[in-house]
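In the two complexes below, chain A is the common chain; its partner is chain B in one and chain C in the other.
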Partner chain A sequence: MFAAIVIAFGIAAAGNPSIAQAGTYAAIYGIAAMGLSLLMGNVNQISIGQAGFFGLGAYAVAYATTTWTLPGWLLWPLAAALGVAAAALAGIAVGFIALRFRGHFLAVATLAFGLICVGVFHEAAPLGGAIGIQDVPYPQFGALTISGYPAYWFAWAFAGLVALASINLLRGRTGRAFEAIRNDELAADVLGIPTRRYKILAFTYAGALAGLAGAIYASFLGIVVPDAVGVPLSITLLLMVVLGGNGSVSGALIGAAILGVIDISGHQFENSREVAYGVLVIVVVIVAPGGLFGLLRSRVARAPAAAAERAPVPARPRPPVPTGHNDAAPLAVTCVTKRFGGLVAVNDVSFTLERGTLTSLIGPNGAGKTTLFNAISGVGALTAGRIVIAGTDVTGLQPHRIAALGVGRTFQNARLFGEMTVLENVMAGSFRLERTTRGATERAHATLARLGLEHLAGTLARDLAFGDRRRVELARAIAADPWMLLVDEPAAGLNASERATLQRDLLALRDDGVTLLLIEHDMRLVMAISQRVLVLKFGALIADGPPDAVRDDPAVIAAYLGTSV
Partner chain B sequence: MLQLLVAGLTVGSGYALVALGIHIVLRATRIINFAQGEFTIVGGLVALTFVQVLHVNTWIALIGATLVGFGLGLAFERFVLRPAARSGDWALTTATIGMVSILLYGHALVPGWGSLPQPLPAFSGDVSDALNLGGVSIQIQSMWVVALLLLALAVLYVFFDRTYYGKAIRAAANNPAGARLIGIDVTNARAVSVGLAIALAAYGGTIIGPITLVGGAGGVAIAIKGFVAAIVGGLESPAGCVLGGLLVGVIEKLIQGLPGVSYGLSDPIVYALLLLGLLIRPQGLIGTRGAVRD
Partner chain C sequence: MLLDVRDLHAGYGALDVLRGVTLAVDRGEMVAVLGPNGAGKSTLLRAISRLDAAIRSGTIVFDGHDLVRASTVAGVRWGCLHVPEGRQLFSELSVDDNLRLGAYTVDRRTIDADVTAVYARFPALAERKAQTAFALSGGEQQMLAIGRALMARPKLLMLDEPSTGLAPQIVAQIFAILADLKRNGTALLIVEQNAYLTLQHADRAYVLEGGTIALAGTAADLAADPRVRAIYLGGSVT
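After this line comes the complex of A and B, so read on.
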């Protein structure tokens, strides 16, 4: 934030018109770059089509201000609102497309979006074709004409507001959701974070900001041509973000400021300037992948921030576990089948769980246990069958909707958010219950205390020892106080004392009334804590009963030892 | 109609080669080379330099440009891709976008190249020479383009499927760790892959040069159409890339032939159609659903 003020004042003090112009450009590009930085750095979605949104904003203002007859104080704000709205709508559309594409596909889809926009600007007669729209008036507020030096302040006022809005967004609930999605989209969804909605939100926000930047640009420059909002602009915006530091508001502004100045001072060196940009991008991604701001930050501010995080928060009494709202069975699986091509991973499985019981699901490797878990938690579509949770048919629902019913889950490979601290991981777990950061922090501390993990709160998840990863994941799953919990191989790789702790934790949950379904290979643990055992083999349920009966079942013995019955 | 089909197959051959190049780089490095189209443009310009400075015919220029392309590819891999790979996949993709900026604007600075497209001499006779087959006139150059595409495919097939070294490169791309264990130099295989891909770009830029001109700012459009061709056909399959390229070329020409569609609007329509097609069938025409995962 202070970066914005420093840049603004530094340049303003010079009072030199050409520097003021460079400063204005920096603010305009900075606005668009902040949006792209959020999209790329915070949500891990690439876009090489931001110029398309920028163009929508610019053309909307150019068209509206040259054709509408309205009083001055109303004209520009309305035109700009139109531009931002058009860009935001396009952002929603691109966001929906982005749900279908990942990685390279997304990069190309956004690039195609940018090219489509330029093509349309080029061909649309009302927009002036290749000549564009000339003589776009300056914004006029009473006697004040926004051009030259006032335009500088005008643009920076917007940039400052956008910076504040972005920081505010990232510090709050949305920021926590973004961070979880960036680290592990699937795990975030299973914790109850509506990942699709947040990804579309990110595209919409980035699109709207690029549109706003375009709106200011059009009236500042007085002319809009298709070539000015083409692929090179998209690349320049990308460069600003990469140069300044992906995923930080200050980084985007630093990148925009540097390129804004080069842009103006290097006007006579057309072509070689762009070549220099290209070289700069390559050098930055090789030498300083965190960008210039990343370099600054790693020098200065690491340690104090970490210390502040550790400030003790009084543990709250744990709220009672909700037990569901009706008398229906917590989980009823009916004739569920899941095929992957020719492979039948789960074959016509049916069972019903009873409330407050601990049931284990066992079977040889590849029997379809995890696939069944995925089916219950909404990961991937079923081939056939129905799943009802506490009376609600959840077949085909997205994972976060199932989580919202009060169902928690852990993963076989403990999908923690590696770049987040243990505390932040557990906070993400309570996303669905706690709207405020303070509430989420308190609940996370309480959950960690409950499992005796408080000492790990400030540790980055990727630095955790293996056994701790499992326990932190359990903490994350119970942070939202689920009344049903699916636990996938929690004991795998744990030593004897860790297993004893795990057994205690699971039994404590059961005694609190949580319905537990457990996948586990450790038979001693399974036999010790389960009230009921289900056995899967090649996707089919071959045994179901109390542990002792299942242990002596010849079909189960055959499944494990391979003898024919 | 048939006339448009022929024109479509001609430009489609160019897209097919770009798609193949993208396919090869993707297999070797797991990223999309956005600069593939720019390398196609630069390859055509290198051929032009051979013709203008060394006064050789287009055939020799084709060989020269392909060899220079191979060298450029090796340099690109060594000095851009390999160092950037340490910073992750996004960094790598961003680096190829940086390369687009360098080549797109840089080629205009080279003496003799400039920013305007220029004609490349025909492979035989005059550029406008044509055969008339049942009312459809086919440019001789178009036939050369298709023949040279087939030649390139044959050479690639023999190299990747019939030679030990080609198989080693495929192994290195499929499973780098496994390839290392059996003694394949994976780093070297990657470099050669990128070299081949860029050589292919230069070759493609040269063979379509007499018809479409060489140089200009169309590289990004070529790259994206090549990529779309690769997706349409199925990124995993070289044959799919070629079919996809031809298909994109034909669709493009058919759209341009529609009444009331101006030339400039055809590209946006092609992109929009293909985006739509991808949404409906993300696995491409050939290929299974599993291939969609990034």
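After this line comes the complex of A and C, so read on.
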């Protein structure tokens, strides 16, 4: 539909240079906005420095086309490739920076990147300093000069390709990873999704697109000056994304089209334009947080998609649980200590689990149980000690690497991906095993069927009842067939019948050969299903043994009930 | 009864925590609420003081007022004070300012006299009145939290885990202060992990399990009841 509008607009603008020009700007900004929209809306990373990448692309084309002597058909493509490459490299660099910053710190860091770029353009003599580079030639392909009206089609051809590439990227495995990261980075990481790599990828992609937009811009306008690629452009791109609808290709194009047209047709209102932008954005954020495209989309029923998802898929026979790499113990924790400032959360803890057993880790509030879980699953660095999983030293490894060994984990507060359906949540769980969407869908259906949760497949995770939330999280954790599972307080908040179901599910996993380590406060459940109980108090292991012995241990009784003296 | 809670159901979002709790505190009584982690002890206090726990059904009547329909501030004005878990002091402000902020709901003319009275009760705080709350030891911080609540002239003081992180002799000191408050007519509702010690000081106690009252009785009876231990550590209750 969008393509039809573009074509119709192009034909209508044939006789009107200023309208065609506005349309061309819409395409140029649209390319950059699609990149930023993916970054912000799909990966939840902000950037107020996109004009920096745009400038890299623009200056690369301006510099190369004015200094290189090459045949026309080769000149612009090579120059543009240089610009996109420069912007992509800068995107990788900013991506690494983004791994260290979040939220408004990231916003400030990207703003600084944009400012640095403008500063460099301003000061660099080969780039013309404050006057910039003039007389940038139009792209020339044989007899065809890309200027004026042809530039409209030229720019929209690129915008169309970028739109297709973006849609394709978001529909596949990468899109699933982005969606999981956007919803909950930590949960995505422990499911085996390399979140760092994908965040850098998103910054690189957004940077490259801004660079491409800049490359087209430079040769279309014929002049590049530092002030044109400064902070105001970054803000305008941001506005396009917010206005059109964050996280959708169409939204970014709608936003770019509206602002592109206002930009050109509103030239005589130069000063009031910025005010109008500000008012527009405030109104959009309040009235339609999903942007204009969000408004359109909310009127279109999503029911058919949900129905398609529920099409019956034959449940696959359950594959045997892989037993890890060798005969080594599934988990060996040696002298592990974790400090937060002056607080010793885990103090010199050592234990080894046996394959296929269910062990519970208990202790009063603040004993360090979840901290120990985090240590085992790679969340946060250890202060001291060593963790070996099935013979592999995992000390200091990132969570997704530990997940890749076949270790699953759930969280105390069930960190589901709230904006995704139950099916999509469980699909994300099998990320490390299933490369295709089809494979992931089938496996997710099979996993849901195994736990009797098929009827919830199309429900958004945030709409689930509390007990179902826990079970869906368990389904997500076992979707990748882990041979070891760390379960953090699965019974918290469950009623009696839900607890009975949980007990059955956990025992079924153990009987399938999965090694289980369980944090739980429900002592009846712990005593009923554990073969071994470990007790932590103030970070130290104070008891270790079968349930009956631990229950009668005076140190454990004192830890739980206090002493009367 | 000063505080009368009947068939209270409460929780957070989709999570139900309290599933029908009935409990009462009379004037001048010290009542303990015990139970394992996750039983709903803190949620009970947060519901009574109308903080973030959403009340689904049931009644809470305090001194003749309906608390279910009241705001937190109204409860404080009527004399129902909550000393939350982890003290929650204004850590950057001085001891003196922390105390004065506790008197937000009372007549200003009495504040100076009340501050003096709190310092008389807690001489350790008087020595440090100009220091920030952050600089105090754990025991002093707990005293300040109690002192700040006293500034609102409570009829009922609800304390959430006052002994957490304190050395045994400091805990004994805190319980001595609470016993003294009780003698002066303040009712106390105390949530504690340290069950055996709390049962030595309380008049009566309730043991919560899974959001319902599993056991209730005099502190002396419960201290001798093996079912209390079974609730904390699993095993058969009967």
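Please note the rule applied: the second predicted complex is superposed on the first by the 547 of 565 C-alpha atoms of A that agree within 3 Å, B and C clash if a C-alpha of one lies under 4 Å from a C-alpha of the other, contacts with A are read in each partner's own complex, and residues count from 1 in each chain.
Everything that follows uses one rule, which is that a contact is a pair of C-beta atoms (placed from the backbone, for glycine too) under 8 Å apart; a residue touches a chain by one contact, two chains touch by 3 or more.
The structure displayed is predicted, hence computed values, not measured ones.
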Touching partner for A:521 - first (chain B), second (chain C), both, neither: second
First (chain B), second (chain C), both or neither touched by A:73: neither
Which superposed partner A:278 touches (first chain B, second chain C, both, neither): first
First, second, both or neither for A:116, with chain B first and chain C second: first
Interface residues, chain A side, partner chain C - complex: 364-366, 464-466, 469, 489, 492-493, 495-496, 521-528, 547, 551, 556-557, 560-564
Residues on chain A engaged by chain B in the complex (per definition of touch): 40, 46, 48, 97, 100-105, 107-109, 111-113, 115-116, 118-120, 122-123, 231-232, 235, 238-239, 242, 270-275, 277-282, 285-286, 289, 341
Complex contact set, residues of chain B against chain A: 26, 31-32, 34, 80, 83-84, 86-95, 97-106, 108-109, 115, 220-221, 224, 227-228, 231, 262, 264-265, 267-268, 271-272, 274-275, 278-279, 282, 288, 290, 292-294
Complex contacts: residues of chain C adjacent to chain A: 13-17, 19, 36-38, 164, 192-200, 210, 223, 228-229, 231-235
